[in-house]
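The two complexes that follow have chain A in common; it is paired with chain B in the first and with chain C in the second.
The block that comes next holds the complex of A and B.
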């Protein structure tokens, strides 16, 4: 019984939130890794692309809600998502046409493209603030819980409760669907294959008649879908605020780099590694330990390695360790 | 001696400035944006109610009128608040500041702007204990009590409910830390246990990690010394979601209708306190506010009325709108001896002062200034029942 209680506490405060957060990071990191693999630069504007996509979703959600449209127990935002993906794709394609294409033509060094994306980031930053403002928004409607803590306690008779929010389940299900679709697309379709060829060896791909502009355009569209989905899932699960999305850039890049930039599998693994380390390192294990070792009196301290304020430091540290010892990441990504 | 000379020189300069202006200006500097944005409109309305009351009577300083200039303190950004206060004093030429609201920005304005310019500041809601000991040249007053007092009251309320172990989380600033520390020491002294006293940052998307640590430490209730529109709400939301705590203790910064609207029925049974009294003045003020079209029971609204009233009564007592003159009269109009003045009776107070009499301003919050000029403090104990905030007692 005590062991079960320990397990439930751990699941409630670590396992469930970290899994949902990991899925959100993984989707974000997939976008970063895709851009890096095919366009060969680190896209600093990715966090704000997520914010932009989420902003459009929120605006459309409000419009739908005003029109009386809801999605039953699921959040209305999921209905708004496809529209937002479309708008975000248009924005990214427009940015590519206006900004990136020039630098691609002159074959600019990757570091120049990184700086360019930094500029794009600031523009998108401002777009989002103009569009929706700097405040925090919650746009989650529909059922809030799959299982809430009180019901769980009553059902199982355990002392500890386990809460699973519907947004966490939606996050996981959506992430699995999106990832499966992405891998199928990359492995099975002609366009996907040409993208991989372009990523592996640009010159050879060009020689074999692959249209580079088409590959680039498809990449941006997929990135728009990934970024918007990641942003909306994060916003549904937590809340939307322009500034927190900007801050997400660090864990997302850490995930992509830890997994190996350019490797989609790596991005997913990286997302979960970062999420679980951020949460386990800053979690206070006192309650779990008290259940597992019942004979001993409760430990004096909180059994917490780092205060929760240092969450971002965790992803930074992992990033540095990986860059020092395995610069290509765990799954052998590309090197710039 | 040198200081005296400097002050005289400063007041002379200000007097010259004031003489040039047609009417007296009072600056209202509150966080119209930021963590307190949901309660500041009612605070400003309270101060403006007092000012329009005096203007209608038209007797202040032989018929001078007062105009109001509003500015945004942002509550959290000290440099923005300093710049706003600087503008009020140098560009608008205000004689006094009604504000600021949050303790951090209040301290910044006091030291960077009010003191160098010799302008009186009366804050309705800065409650950090640190402000009591600040060297303020006699320019700073507050109609809100120090959190040292609130900490003790909150400890009493919790003990009286038979709760002996609590977890505490506070917003990482002067207000949060001051309140959490004064509460923790009062509660421990009374024999209770504080299992954890941890800070949280405002403005994050997700507080489940913070709540994880709090839940691990345990405790029968969670004391949230935060802000209602910020991290405080996030903490409560995450704690409710994970089932970590069922009952929350809500001090003044967490008092607001928006909390109940956002969290819903899960808050039932939570309790707390915020400054306020059951005095005659409080009821009168609530009635006056209702007629004026705003909610006078909103947190710190009555304190704002009193802050503005004290400024104007002190001006009358000094016979001058020069801050250097009337700063010494704030304590005497607020305290005994003298005739008691309630809200709505400001004209009567001015009349008595004009005829050389004494007044004891009681106002909407039973003002009694102690120490270096801060309210002695009485509190309303609240409890949330069926999704509504109810006042269950006074302390």
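The block that comes next holds the complex of A and C.
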């Protein structure tokens, strides 16, 4: 019984949150990896793209709520999501037209494009601040829990409860749908195939008559969808704050690099690796240990490997280890 | 050195901007902006070495600036003897154990034959070492932080003159830069960017959380100053009689004197660094650097060790940022880890380098002054502009919202300036020769 209790505590504080967080990171990393595969640069504006998409979602959600529209037990934000994806796609296509296209034409070095993406990041960040400000917002509504701790305790008779929030389930379900749709698109459709061909070998793809501008445009639209979905899911699960989204850049890049830049499967695996390590390393295992080793007096201290404030250090350490030992990532991404 | 009239005119123009600020606002304000402008120029110089000479993309400047600030505390504050007695040696022992663990793991990796066993061995060393480190380190930290935590609660510094902190900050930043460069250089160019972005966040997290080191978010205040205090000047008979003789108000004059003294110190450092940087750039070493930047493959074929040279310039550039960081903390005479923002300490410096002219030391210096002045002035100008634009609107939610968002004009301006300069004038105001 004690072992079961330990398991429940572990699931409640590590397994469930890390799975949700991993799905959010995976969606973010997919966007980074797609841009890298097709446009061949690391997009530093990705975090702020997520913030922009989430901001539009929040604004539309507020408008819907004011008009009295809700989505039953689901968050209203899910209704607003398609609108936000559309607006974000327009923004990204506009940015590409006004900023990135020039550098593609002159075949600028990747590092110049990275720097340009920093400029774009500034501007997007400013747009978000103009739109919604710097405060923290929660915008989840509808049912709060799928299983709450008390019902779980009553159902199983265990001492510990397991709470599964509806946002966590929504995150996972949405992520699975989005990823399945993305892979179907990349593997089965003509446009998806041309994107993969373009990513593998640009010159060969051009020779076989693939229109590069069309591939790039489709990439930006998909990125907008991925970034907005990732941002909204993260915001529903935790909360929305512009600066947090900028800070998400590091775990997202770490996920993409760990999996191998340019490899979609790698981005998903990387997202979960980073999320699980981050949460496991910063979780205080005291209660789990107390259940597993009941004879001894409770262990001193929190049994926490690292304080929560060092969660960046976890993504960073994994990133450095991968860079040292396997620079192409676990799933053999592109090297340059 | 041939003197280019256009460059002189550009510097004169920036000078005029500062003088106008002096007349319109006050000389005190102008000197405050100028002092930070001098520090910004040094930062831009450091980044220009990395980007302009070698094409290295470092976006962790904030971290190296903060390390310089840490050095200022560690060098200049008086040691807290009670804290040292309580757990200082234990903390040091813990850190030594941690370092030994990593060294042991690295040595084991290098010596042992490749295979699964090697990986397991390194993992075992790291895990055992980590718990050993924590078991020694944690009680020491708890003991030190318990010592009079309202006013000290940290180990304090060495109690040396704060001017020594400037080179010390450079050394500290150089050490960390070496570790980062060793791992991330020689890979894709964007990996360095990501690694430096990460290390900057981690350095700030360490400064915020390790209270035993520099009091974390409780801040270390009233660091010793290399220049006299205003109150002492106002009490000094000689000073008061002299400035009143010249027809100045002693209170205002004391503030200006102190700021001028700082400006003098900073100017000496800036000129020294510019001189060194110019000498380096003209030397065979500088030519080699630019050759590597322009064509790595060709330079490598000529027998140049590209990765080693990159590491060298990366460390030097970060050291300059560390020096500037120590100077900034000296100027503020306090270390406040909560105020380090990537926007202000990393990306703004990049805008300075790009606008000024990457690859040209004088360009970086000019960019430092000009962009810093803009950064300070954009907010009032934005507020005024927004006020003028919305004056036709009725007072309401929309107008308040627009007026509030004027504060974010800085971001938009800096982003647009960066994009426009990169697009239309990528060589900057003073292009590379």
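We adopt the following convention: the second predicted complex is superposed on the first by the 336 of 336 C-alpha atoms of A that agree within 3 Å, B and C clash if a C-alpha of one lies under 4 Å from a C-alpha of the other, contacts with A are read in each partner's own complex, and residues count from 1 in each chain.
Convention: contacts are C-beta pairs under 8 Å (C-beta built on N, C-alpha and C of every residue); 3 or more make two chains touch, one makes a residue touch a chain.
Nothing here was measured: the structure is a model prediction, and the numbers come from that model.
Asks: Following the overlay on chain A, give me a clash-or-fit verdict for chain B and chain C.
Replies: Once chain A is superposed (C-alpha atoms), there is room for both chain B and chain C without a clash.
Asks: Should A:315 be classified as contacting the first partner (chain B), the second (chain C), both, or neither?
Replies: In the superposition, A:315 contacts chain C only.
Asks: Just to be sure I read the superposition right, which of the two partners does A:244 touch: chain B = first, chain C = second, or both, or neither?
Replies: The first partner, chain B, only.
Asks: If we overlay the two complexes on their shared chain A, which of chain B and chain C does A:125 touch? Say first, second, both or neither.
Replies: Only chain C is touched by A:125; chain B is not.
Asks: Name the contact category of A:279: first (chain B only), second (chain C only), both, or neither.
Replies: It touches chain B, and chain C stays clear.
Asks: Using C-alpha centres only, what angle sits at chain A with arms pointing to chain B and chain C? Round to the nearest 10 degrees.
Replies: 60
Asks: Taking the superposition on A as described, I'd like to know which of chain B and chain C A:3 touches: first, second, both or neither.
Replies: After superposing on A, A:3 lies clear of both chain B and chain C.
Asks: Thinking of the overlay built on chain A, is A:184 touched by chain B (first), by chain C (second), by both, or by neither?
Replies: Neither: A:184 stays clear of chain B and chain C.
Asks: After the two structures are laid over each other on chain A, how near do the C-alpha atoms of chain B and chain C get, in Å?
Replies: Superposed on chain A, the two chains' closest C-alpha atoms are separated by 5 Å.
Asks: Could you pull out which residues of chain A sit against chain B in one structure and against chain C in the other?
Replies: Comparing the two interfaces on chain A, one with chain B and one with chain C, the shared residues are 307, 309.
Asks: Given the complex with chain A, which residues does chain C contribute to the contact?
Replies: Touch list, chain C to chain A: 55, 57, 59, 130, 138, 183-184, 187-191, 193-195, 197-199, 201-202, 205, 208-209, 342-343, 347, 350, 354, 404-405, 408-409, 411-412, 414-416, 418-419, 422-423.
Asks: Going by the contact rule set out above, which residues of chain B touch chain A in the complex?
Replies: Result: residues 196, 198-201, 203-206, 208-213, 215-218, 234, 241-244, 262 of chain B touch chain A.
Asks: Which positions of chain A touch chain B when the two form their complex?
Replies: 9, 12-14, 17, 21, 136, 138, 144-145, 148-150, 152-153, 161-163, 165, 234, 237-241, 243-244, 278-279, 282-288, 302-304, 307-309, 311
Asks: In the complex of these two chains, what residues of chain A are touching chain C?
Replies: On the chain A side, the touching residues are 41-42, 44, 99, 102, 109-112, 114-116, 118-123, 125-127, 129-130, 133, 246-247, 249-250, 253-254, 257, 301, 305, 307, 309-310, 312-313, 315-316, 319-320, 323-324, 327, 335-336.
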